[in-house]
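The following pair of complexes shares a single chain, chain A, combined with chain B in the former and chain C in the latter.
The block that comes next holds the complex of A and B.
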């Protein structure tokens, strides 16, 4: 009887964190390219990043504020604005967020995997110096 | 024995990872953000006193350089030099330039000049050149130049 009682308690208990456990299965790097507007460098003109996250019960997914990680010497990085936007889809739903320089988050529904398409863009009113630019965004799930 | 095994399975599942994160990187390369063109070479003419050969003398024509910059570039004009002269020319000249339009250097200078460029559409830089020689010039053709570099 004691064992049956214990099993009943375990089965009736609310979902434990492990049931919402998630993992980042795949993430591809993005490519920034110049747009027709010389003040914008965007992955919409290049290649967006695609991230696949596994999760079963309403995983909460957070997209950090995007950061400019590297730029060529002489570029006035303080005048640049870095933003990210996303589109996410899972079995029975979707979510999207427009360009923002802040953190964005959403809760996905029940499903086996969430596919997130992430875009980054850099805007510099003074244009861009020749050279290489890198932005970075951290995606977390729980 | 089967019931404890089920319990152990449930407990192990509850101890699984509940958080994951990854960094996503975007890279981009910007190139060819500056273009120079010289639609109008300059022509130098002799001053009335015969000591200045300059593009701003009567019948002279300044050079016009068209600049397009899509970013924070630097335009450099090298120190002007006399690159050709007729045989028998004794030398001793001073070569100078000044410019206006895209940027302004109103008085003649003999040294290298730099101009900070931002985001600018096609814009003209008008360059005047002069060769000054108190001893005058031998008859013939003279060529002076400055090299423009955008980077």
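The block that comes next holds the complex of A and C.
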């Protein structure tokens, strides 16, 4: 009975414009590097991430949860602060946000593509042990 | 000292570079918003998940509460994980319960790549609202 109801509802669903979709492409993955400050790693000294978002109508784009994903043994990850900043550009506008460990959002209006340049920064007051550090930031199109 | 610093810098760069090699990923979700009525307390939507880029990828399809931060209760996807060939798409059906006395419920659905290495986790999220038939349209 429930299945029949479900099928009926699905059949009633109106067609949806093709542009009511969102594609998110990570075209360049970022690279952290040392800065002049021994307590800071930043992709501004390395390579920023570049993300291209396309195929939408009035998307809301959010940048959230910058986090440390890997670090060398012995590093006190709880003392580290991870932040993200972004610059976004599209046909008729732009947006930017400074370094934040929280969620940052913007609405891109109507455009063919939004290019987001994302930087990550890791700050550890006690400095860094030698090894591999990687971060991850969530970018959502909704 | 300079060499040491340089070596350290190279180590950071090399490590991150290795972690991100070939990490480009993408996905699509359509439609991103929809609403409709249901004669029962279960509402379903048919969504299309696509991989518009030129390599095979596996995606997670996650029912979420609106706001896309926590998993949605009483919601399911028929294919919560799917592997798509390049430039292909597949339809999935998400269903959720509208628990009485509620007459309307909105859930989110997020699509994200599984096991994507790199510095960015790209997500595409939509919202879908179901209403009991005969209640507010």
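By definition in this document, the second predicted complex is superposed on the first by the 117 of 142 C-alpha atoms of A that agree within 3 Å, B and C clash if a C-alpha of one lies under 4 Å from a C-alpha of the other, contacts with A are read in each partner's own complex, and residues count from 1 in each chain.
Definition applied: a contact is a pair of C-beta atoms (placed from the backbone, for glycine too) under 8 Å apart; a residue touches a chain by one contact, two chains touch by 3 or more.
These figures come from a predicted structure and were not determined experimentally.
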{"item": "Partner chain(s) touched by A:142 [first = chain B, second = chain C, both, neither]", "value": "both"}
{"item": "Which of chain B and chain C A:23 touches, first, second, both or neither", "value": "both"}
{"item": "First, second, both or neither for A:34, with chain B first and chain C second", "value": "both"}
{"item": "Partner chain in contact with A:74 - chain B first, chain C second, else both or neither", "value": "first"}
{"item": "Contacts of A:46 with chain B and chain C, given as first, second, both or neither", "value": "both"}
{"item": "First, second, both or neither for A:131, with chain B first and chain C second", "value": "both"}
{"item": "Contacts of A:123 with chain B and chain C, given as first, second, both or neither", "value": "neither"}
{"item": "Chain B and chain C footprints on chain A, overlapping residues", "value": "6, 10, 16, 18, 20-24, 27, 29-34, 41, 43, 46, 49, 51, 118, 120, 130-142"}
{"item": "Touch list for chain B against partner chain A, complex", "value": "3-4, 6-7, 10, 13-34, 69-73, 118-119, 151"}
{"item": "Residues of chain A defined as touching chain B within the complex", "value": "3, 6-7, 10, 16-24, 27, 29-34, 38-39, 41, 43, 46, 49, 51, 53, 69, 72, 74-76, 118, 120, 122, 125-142"}
{"item": "Chain A to chain C touching residues, read off their complex", "value": "1-2, 5-6, 8-10, 12-13, 16, 18, 20-34, 41, 43, 46, 49, 51, 55-56, 59, 70, 118, 120, 130-142"}
{"item": "For the chain C and chain A complex, residues of the former touching the latter", "value": "5, 8-9, 11-13, 15-17, 19-20, 23-34, 36-40, 42-46, 48, 50, 52-53, 68, 93, 95, 108, 110, 116, 118-127"}
